[in-house]
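Just dropping this structure here.
Letters A, B, C, D and E mark the chains as written, and numbering starts fresh at 1 in each.
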Amino acid sequence: MELVVFLITALVSVACAIAMIVSKNAVHSALFLVLNFSAVAILYLLLHAPFLAMIQITVYAGAIMVLFLFVIMLLGAEQGEGNDPIRWQQPVAIVVGLLLLAEGGLVFFRSGNIIPTPGSGTTLPTDPGATGGLAELLFTKYLLPFEMTSILLLVALLGAVVLTIKSREKEGVR
Amino acid sequence: MDVLYTLLTVLVVLPLLGVVVNTFFIRQGRTAGLVASGVMVAAFVVTLVILVQLLGLAPEKRVVDVTLYNWIEAGPLHVPFGFLLDPLSMVMLLLITGVGTLIHIYSIGYMAHDARPVRYFVYLNLFVTSMLILVLANNYLVLFLGWEGVGLCSYLLIGSNFERKVAQDASLKAFVMNRIGDFGLMLAILGIYKHFGTLNFGAIFPRAAEVMGGQHINFIGGPIGLATAICFLMFIGVAGKSAQIPLFVWLPDAMAGPTPASALIHAATMVTSGVYLIARNHAIFALSPATSNFVATIGALTAFVAASAAIGQYDIKKVLAYSTVSQLGFMVAAAGLGAYTAALFHLLTHGIFKALLFLAAGAVIHGAHDVQDMRRMGGLKRAMPRTYWTYVFGALALSGIFPFAGFWSKDDIIGAAFHNYPETGTHPIIGVILIVSAGLTAFYMARQIALVFHGSQRDTSYHPHESEPTMTLPLVILAVGALIGGLINLPSFVPGIGEGLGRFFEPVFVGSDAIPFSPLLAGLTLVLALAMGYLGWQTYAHRTWKAKFRDPISRFIPAFEAFETAFGSDEYVQFFIRGFRATASFLSRIFDPLGIDGLVNGAARLVGLSGVGVGRGQSGYLRNYTLVFLVGAVAVIGYFGFAALR
Amino acid sequence: MNSMQIPALNWAVIGAPLVLIVWATVLMVVDLFVANKRTIAYLGLAGLVAAAAILIPYFGGQAMSGFSDMVVLDDTAIVLQWILLLATAITIFLSIDHLQRLGIERGEYYPLMLFTTSAMLLMAQGNNLIVLFLALEWLSIGLYVLAGFAYPKIRSEEAAMKYLLYGSFAAGFLIYGVALLYGATGTVSLPGIAQALTNSPGLASNPLTLVGAAMILIGFSYKISIVPFHMWTPDVYEGSPTPVAAYMSAATKVAGFAALLRVVQIALPPALVPQVQAALAILAALTMIVGNLAAVAQTNIKRMLAYSSVAHAGFILVGLVAFSPGGTQAFLYYLLSYALTNLGAFAVVVALENEGEEHFALSDLAGLGWRRPVMGAAMAIFMLSLAGVPPLAGFFAKFLVFTAAYRAGYWWLALIGLLTSVVSAFYYLRIIVNMYMRESETAPRTFATPLLRVGLVVSALFVIVQGLLTYPVLQLVPLR
Amino acid sequence: MVPINYYVLLSALLFTTGVIGVLTRRNVMIMFMSVELMLNSANLALVAFAQARNDIEGQILTFFVITVAAAEVAVGLALLVGIFRTKRTINVDDISTMKG
Amino acid sequence: MTSLPILSLILWLPLVGALLMLVPLPARTAKIVALLASLAVFVVSLLLIPGIGLFNSHTAGLQLTETMAWIPSFGINYRLGIDGISLWLVMLTTFLTPLTILSTFESVSTRVRAFEAFMLMLETGMLGVFLAQDLFLFYIFWEFTLVPMYFLIGIWGGQRRIYATVKFFLYTFTGSVFMLLAIIVLGVVYGRSTSGQVNFDLQAVTKAIQANGLGLSQTTLRWLFLAFFAAFAIKVPMWPFHSWLPDAHTEAPTAGSVILAGVMLKLGAYGFLRFNLPLFPEATHFFAPAIGVLAVIGIIYGALVAFPQKDIKKLVAYSSVSHMGFVVLGIFALTPEGVHGAILQMVNHGLSTGALFLIVGFIYERRHTRDIEAFGGLWKVMPVYSFLSLVIILSSLGLPGLNGFVGEATIMFGTMKSAVLGWPFAAFGLTGVILAAVYLLWMFRKVMMGDVNQNTAAMRDVTRTELAILIPLIVLIIGIGLYASPFFRTMDPSIEALVGPGSKLVANR
C-alpha cells in the first residue's frame, strides 16, 4: 500500500519536474513545480515528517511559488526565450546530467545496502501537531543555526531592499 | 749566478723600459727613436756582458736557470716566470739585440716622416721584449708568452698603417694564422703538462725518453705515438710562426708593415722562432723520427715553393718575403733532419743578410718615395750607390756565393740532407730539392738586382735619392756581417775556429753529429747558384721595358702565373674564410634566432595561446559555466564514487 | 509537554561575529539618521576593531566550543578571523571615497559588509556542516547584493545575477552532499562524522560517504574558485564594484578555505586521507594551470586579478593537500600574505576608477610608476610578491606550501606549482612593464587619497616584512 | 515499508532534473525554479535518511534548507526585477556582456 | 679573530645606500652618494684580502661565518661565510660596482636615483649569492638579483628593452624554480634522514649527502643534479640556454651590461662549484662529459655567432657565451687546475667583458649607435681610447701576459689532465681561442682601424671619468696576467678540498 502511494507520488513528482523544465511557459513551469512540491509533501508524510510536509506546502508551494508567479506576472516574463545562441549546450547538458544520474545510481546500487543502520520501526512523530521534538532540537542543539537563519533572512531582506529601493530612487532622480 | 740573474732581468726590462717611457712620456718621433735605440744599445751591451759571463763558465756548466717569481701556482700547476740561459738562447740574444739595435737606429731615419713614429718605436721595443722572453723562457708557458707577444707586435706593426685596407687585412690574417699555429703549440704544451706534470724545460728534457717512450694515445685513426703527436702539434706552431706550408701566406702579406719592422720581425727574428722552438725541443723531436722526417720534408717543400714564388713577384719586398719563407724552409728542413747547428747557423747568417736586404730595400723604397713595384724602378744604382753595394752583398750572401756567410750555412744544411743519420738515414730527395731551391734563390736575387738597380729608370715620376747616414750606417755594418758571418762556423778542417758554433752548442745538442764538409756538394751548389744567377742577370739586366710590363720568362715557363700567386696559396685561405663566414652567418642569422631562440619564443607563445584558448572557453554565458561546473562535478563524484567501488 | 532545557550559552565563543552582527544592526538604524555615510564607514571600522579586540584574551588559550559544539574557537580560528577582519577593514578603507566617486554611496553598504563578514567569521569557527552551510549561504547572499551594489550599472547587475545563479546551483550540490553524508553517518557535526567514520570501518568506503564528501568538496570549491568550479570568478570580479571584488578575492577566499580546512582537518578519518589528498592535488594542479594560463591572456586588470586569484586558490590548496601541521601553517601563512597583497593590488585599481570612467586596461597603467611613485612602487611590490619573488611574502608563502606538498610526497604538484609560478610572473611583470617601462600621453587621472596612500605603503611594507619575519608569523599558529 | 533506496533514487532523479533545468533553460525564472527543485530534492533525501535512521535531526536540516531557499529566492527575484528594468530581459543568455 | 660581522657589513651596506636614494637628492648628489656607498663597500671588502686582511688562505673551510636562526621550524638560518671559492668573486663584485656607478655619471641622466638604487640593490643581491651558506638564503638572493636587473634593463634599456627584460626575467626564473624544488627536496630529505627537522644548512646537507647520499637513489640524485644544473646553466649561460643573453645585453644600459656580464653570469658558474660538485659527486661524474660537450659547443658556437654581428654589444654578448664555456669546461674537468682556472677566469671575464661593455658604452654615449659599420678610424681620433680598448680586447682574446690567458690556459691544463674530459675537449676548446682572435680583432679592425668617416671624425677622446673607470680595470688585467699566483694561492685549500685527491669527487672515480 505504502509502496503504491510512494510509486504514484514519485511518478507524479518526476513527471512534474520534467514538465517544469521543458515547459515553454514560465507560468506552467511554476505550476508544475507547485505540483511537484505537493507530491514531495506527500512523501514527507510517508516519511513521518508531517510538520515538514506542512511547511513544504505553506512556505514552498505556497509563499515562495506565489512570489515566483507574482514576479513572472510583474515582468510579463512567461515566454521570452529566443533563439539559443549556444545550441550545443542543451544536448551536452542532458548527456552530462544523465551521466551524473547514472553515476549516482551505479554507485549507490552496485554497493548493495547503503544505509548502515536500517530503520526498523520508528519513533518519529506521525502527528502534524506533534512538533515538540523538532522545537526542542531547534532551540537547544540547533539554536545557533536557528539564529543564523534569522540573520540570514535579515540580510536577504536588507539586500532585497537595497537592490530595489535604490533603483526607484535613481529613477526618481531621472 | 746572481750576476746573471740581474743581467737577464735587466736585459728584459730595458726594452720594456723603452716601451713605458715612450708610451707615457714621449710625443715626439725622433726622441722616441732615440730612446728606443738607446735602450737597445744598452741591451746589446748587456748581452755582450752576459756572453762574457757565460763564456767564463765551463762548457758543461753553461746552463743557467733562474726564476724571477712564481707566475701561476694553481694547485699542482706551478709555472715560474723564469729564464734559461744556455748557448742556444745566448746566440739568439746576440742576434736579437745586435740586429735589433741596428734596425732601431735605422728606423730613426726611416720613420722620420711617418705619421705615428712614437707608436712604431713602442711596438718595436715591445717586440724585442717579447722576443727576449721567448728565447729566454725556462718553461713552455713563458715561451708561449713571448711567442704570442711577438705575434701581437707583428700584428700591431703590420697594422700600423691602419688607414689602408691592405694593412688591416694583412694584420688580421697574420694574427689569426699565427693563432692557428699557436693552437698547435698550446695543445702540445697541454700534452706535455699532462704527461710530465711540469712545464719546466729543465725537468722535462732529461726525462723525455723515459716518460714518452712507447706511450701512445688513441686518435681517430688508431693509436699514435705520444712523442709523434706532440711533435706534430708543435710543428703546427712552427708552421704558423715560421711561415711553413700551409700557413705561410700571412708572411708575404705582412709586408704591409714598415720595412724596418719587416726586417726585424719578418726576416731576422720572429719568424725564426719556429726553428728555435724545434731546436729547443730537440730532445722530444729526437723521439719521433716520423715527425722529424715530416718536418724536413715540409721545410724543403716550403723552400722550393717559396723560391719559385719569389721569381714571380714584382714588389721589391714581396720578393724578399718569399725569399724569407724559402730560407725558413731551409732552416726548418735542417732542424727536421736533426742538423740543429746548421739550422741555427743559417738562422744567424740569414738574420744578418736578410735584415740587410730588407733594410736596403727599405732605403730603396724610402729613396724612391715609397715606390715598391720593381717595374717602376731600374737604374737606381746611380742615385743610391751605397745602398746598391750593400744590397749586392746581401744578395750574394743569400744566394750562397763563396765566401759570403750564406755559402757556409746553406752548405751545412745541404750537407745534412745527404748525411746518414742513425735514426732516419739519408734524405737525398730533400737534398736535391734544397739544391734546386738554392739555384732559384740565385736566380731571383739576380733578377731583383737587375730590375731595381740596373738598366734605366722606367718610371721617372719621382727622383730617387740616397738615404741619410743613420740608415746607411747599419747597412754597412750588416754588409760586413754578411760577408764574414760564415766565420763563426767554418768547416771543421779550419783550425781554431772551425765548427765554432757547433762546439759552442755542444752542451745543448748532446750527441748531435757534426756534418763533415763535402767539397763536392759545396762545389755543385755553388756552380748551380752561379749559373742561375748568371741566367737571371742575362734575362733582366740588358733590356729596357715600359713601366708596366709582364715578366719575360712568363713566355717560357707556363707555370709563371702559379709563381705570381705562390701556387694559388691565397685561394685556399679564401676557401676557409668563405666557409667560416658561411657557417657563422648561417648560425647567427638562421640557426640562433630561429632555431634556439625560436624554441624559447615558441614556448612562450604556446603559453600565450593556451591562455587565449582558456579565455575563449570563458564565453560569458552562465549556462556554459554551469555546464563546466557539472562536468567537473561528475568527474569529482566519479572519482570518489569509484574509489568506493574499488 | 516536556520542559525544554535551553542550555547555558557560551557567548564568548561567537564573540567576534556577535559583535559584528549587533553592530551591523545598530548601524542599520543609525544610517537612517546620519546623512554623512562616511560616519557609517568609520563606525563600521570601529566595530571591526572591537571584534578583533574581543578575540585577544582568547588567543593562545585552550580551544573552546559552544552552542552544542556547533562552533569552536581555537587559535587557528582566531588567526583566520583576524585576517578576515583586517581584510574587511581594508575593504572599507578602499570603499569610502570610491563609492562616493562612483555615486553609489549608500549607508546599507557598511552594515551589509559587516553582516557578510560575520558570516565569514562563523565559517572560520564552524564545527558543524549545517553551520558552515548556513554561513556560506548567508555570506553568499551578502555578496550577491554587494556585487550588484553598483546598480543600475549593467555589469554590476550581471555580476550579481551570474554569481547568484551560479552560487545557488553550487549550494544545491553542497546541501545534497550534506544530506548524503548525513545519511551515511547520521550526523552533521564534524567531530561526529569523524567519530562515526572511525568507529565503523566499512563506512569510510561507503559510497554515500564518499559521494557526499565529493559534493561537499564541490560546494566549497566554487566559493574559493577551484577549477573547474571557478568560472564565475572573472565575470563577477569585473562587474562588481572594485572594493567588493577586492573583498571577494581576499576575505571570501579566506573564509572558504577556512571552512574547507576545518572540514578536512576534523571530519576526515585517516582512512580517507589519501583519496581526498589525491583529488585535492589534481584540483590544485588544474587550478594553478588554468588560472595562470588564462590570466596571461587578459588585458583587463580586474579580470587578470580575478584569474590570478583563481591561480592562487590553487597554490593555497597545495598547502591543504599536504595534510600536515606544516601544511596548515603554510596554508594560513599563504592566506595572510595573499589577502594583503591582493587587497593592495585592488587598492591601486580602485584609485584608477571614477564615475563614468573605467581604467581597467593594462595600458591605462602606462607611466603610472613615475607619475605616482608611491602607488607604483607599492603595486610593483604586490605584483612581485604575487609572482613569488623573494624576499617578499608571496615567495615565502609559496616556498612553505611547496615544501609541505613535497613532504607529503606530492613532488609533482610542487613542480607544477613552480612552473605555473613562472607563467604567473609573465602577467604580473606585464603590469610592472606598463607602469614603469612604457610612457603614455593620455594618462588617466588617479584618485589616491592620503588614506589610500598610507594604506598602500603600510601593506607594501607588510608584504616585505612578513617574509623576513616568517618565523614569528608562523608561530601565530603553533603546530598541533 | 518503502525501501530507503527508492527515496534516495527519487531524490537523485529530481536533483538531476533540476540540474538539467539550470543548464538548459534560458529563462532566469525557470532557472530559479530548477534550483529550487535541486534544493527540494536534497530535502527529500534528508527526510528520507531521517526516517531510515529514526533520527529527527534530518528534518531540522530540511527546515534550514527551506529557509535558505526562501532567502535566496527573495534576493534573486529582487535582482531580477532590477535587471529587467534596465535590460528588459530575463533571458540569461542576454546577461553575457563580460567574457574572456 | 674579530667579532665584527664583516660579511654582513659588506652585504648590507649597499642596501643602505639604496635606501638613501629614497631621499630626494639632486641627480648629481645622488650619483656621488651612490658612488661613496659602493666605495665604502669596496673598502670594507678590502679588509678581507688575504695576508693583510682577515681571510686566511690556509684553510679550506668556510671562514668569518655568521649564523643566526631565522625560521627555526624549517631549519632556515641566516648564515654567511666565505672561502677560497667565493673570495675573489666577492671582491670582483665590490670592485666592479663602484666603477659601474662611476660610469653612470656620464651615461645616466634620467631617473637617476632609481637607477643608483637598483644598482646598489643588485650589489647586495649578488654579494648575498656569494656569501649565503644556507640553501634557502642562497635562493632568496639568487632570485632577488633578477629584480633590480629587470628594472635596469626595462627602464633604461634600448629599443627592444621590454622584450629583452621580460625574456631575461622569465628565462632565468624558469631555470631557478627547478633549483628551488631541488632545494626543498634536499632540505626535507636531510631532515627526514637525521633529526626529522627540515634543514637547509648547506654545510650540513653537503656533509650528510657525501656520507651516505641521504639515502636517495642514484637516479634521484641525478635528477636533483639536473635541477640545480638547469638554474645554473641558464644563468651562465650555457649553450643552448643562451638566447636570453644577447637580447638582455644588447638592450641593457651600459652599467647594466657591465654588471650582467661582469658578475651575474658568474653566479651560475659559482653555483656549479658550490652546489653541483659537492652535493652530487656521482652525478657530477656521470654528467661531466656531456656538460663538457655543451661547454665546448658553447665556446665554438658563441665565437662563430659573434663574428657576423653588426651590433657591437651583441658581439660582446656572444663572446660571453664563448668565454663562459671555458669556465664551465674548467669546472667540469674536475681537476684542481681546471677549477682554479675557472674561478680566476670568472674574475677575468668579469674584468675584461665588463670593460668591453664599458668601452662600447663610451662610444655609444658619443654617437648613440652600436652599429659596427658606423664607426671606423677611432685609432686616429681617439688614440688613448683605442689603446685602452686594444688592451681590453687582447685580454679578452687571451693574450699571454694579460689576465684572460692565465685563466684559459689553466683551465686547459685542467681539461687536458682531466680523467673525465681529456684531450679532445681541450683541442676543441682551444679552437675557441683562435676564433676569439678572429671576431674580436675583426671588431677592432672595423671600429678602430680604417679611416675616419664623417660619423667618427669629431669624436673626442676619453674623458677623465672614463679614464678613471678604465685604469683600475687595466691595471688588474695586466696585474693578474703577469702575477696570478697570489690569486690562485688563496683558492688552493678550498679547491683541494673540493676536487683534490681525497675528495669525494676523486674517490668516486
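Basically, a residue touches a chain if its C-beta (ideal position, glycine included) is under 8 Å from a C-beta of that chain, and two chains touch if they have at least 3 such contacts.
Keep in mind the model is a prediction, meaning the values are calculated, not measured.
Peer 1: Which interface, named by its two chains, has the most contact pairs?
Peer 2: A-D
Peer 1: Using CA atom means as chain centres, which chain is nearest the centre of all the protein shown?
Peer 2: When every chain is reduced to its C-alpha mean, the one closest to the whole-protein mean is E.
Peer 1: Which chain is most remote from chain B in terms of Cα centres?
Peer 2: The most distant chain relative to chain B turns out to be A.
Peer 1: Rounded to the nearest whole Å, what is the centre-to-centre distance of chain A and chain B, using the mean of the C-alpha atoms as each centre?
Peer 2: Centre separation, chain A to chain B: 101 Å.
Peer 1: Taking each chain's centre as the mean of its CA atoms, how far is chain A from chain C in angstrom?
Peer 2: So the centroids are 30 Å from each other.
Peer 1: Suppose each chain is reduced to the average of its Cα coordinates; what separation in Å results between chain A and chain D?
Peer 2: 5
Peer 1: What's the distance between the Cα centroids of chain B and chain D, rounded to whole Å?
Peer 2: Centres of chain B and chain D (C-alpha means) sit 96 Å apart.
Peer 1: So which bits of chain D are touching at least two other chains?
Peer 2: Correct list: 8, 18-19, 22-24, 26, 32, 43, 48-49, 52-53, 57, 64, 68, 71-72, 75, 79-80, 82, 85, 92-93, 95-100.
Peer 1: Where in chain C do residues touch two or more other chains at once?
Peer 2: Chain C, residues with two or more chain partners: 130, 134, 137, 141, 144-145, 148, 151-152, 160-162, 165, 169, 173, 183, 186, 206-207, 211, 234-235, 297-298, 426.
Peer 1: In chain A, what residues contact two or more other chains?
Peer 2: 85-86, 89, 93, 96-97, 100, 104, 107-108, 111, 114-115, 117, 142, 145, 149, 152, 155-156, 159, 163, 167
Peer 1: Per the touch rule above, enumerate the chain pairs that touch, sorted by label.
Peer 2: A-B, A-C, A-D, B-C, B-D, B-E, C-D, C-E
Peer 1: What does chain B use to touch chain E in their complex?
Peer 2: 69-77, 81, 141, 144-145, 147-149, 152, 155, 159, 162-163, 165, 167-168, 171-172, 175-176, 179-180, 182-183, 186-187, 190-191, 193-194, 217, 580-581, 583-585, 587-589, 592, 596-597, 600, 604
Peer 1: Give every residue of chain C touching chain B within the complex, in rising order.
Peer 2: 161-162, 165-166, 169-170, 173, 205-207, 209-211, 213-215, 217-218, 222, 227-229, 231-232, 234-235, 275, 279, 283, 290, 293-298, 423, 426
Peer 1: Using the touch rule from the top, collect the residues of chain A that touch chain D in their complex.
Peer 2: Touching chain D from chain A are residues 2-3, 6, 10, 13-14, 17-18, 20-21, 26, 29-30, 33, 36-37, 40, 43-44, 46-49, 51-52, 55-56, 59-60, 63-64, 67-68, 71-72, 74-75, 77, 80-82, 84-86, 89-90, 93-94, 96-98, 100-101, 104-105, 108-109, 114-115, 117-119, 121-124, 133-134, 137-138, 142, 145-146, 149, 152-153, 155-157, 159-160, 163-164, 167, 171.
Peer 1: Under the touch definition given earlier, write down the residues of chain D that touch chain C in their complex.
Peer 2: Spelled out, the residues of chain D in touch with chain C are 8, 11, 15, 18-19, 22, 28, 31-32, 35, 38-39, 41-43, 45-46, 48-49, 52-53, 55, 57-58, 61, 64-65, 68, 71-72, 75-76, 79-80, 82-83, 85-87, 92, 95-100.
Peer 1: Spell out the residues on chain C that touch chain A in their complex, using ranges where they run on.
Peer 2: Per the touch definition, chain C meets chain A at residues 1-2, 4-7, 9, 14, 21, 25, 28, 67-68, 70-71, 106, 108, 111-112, 115-116, 118, 122, 128, 130-131, 134-135, 137-138, 141-142, 144-145, 148-149, 151-152, 160, 183-184, 186, 200, 202-203, 206-208, 211.
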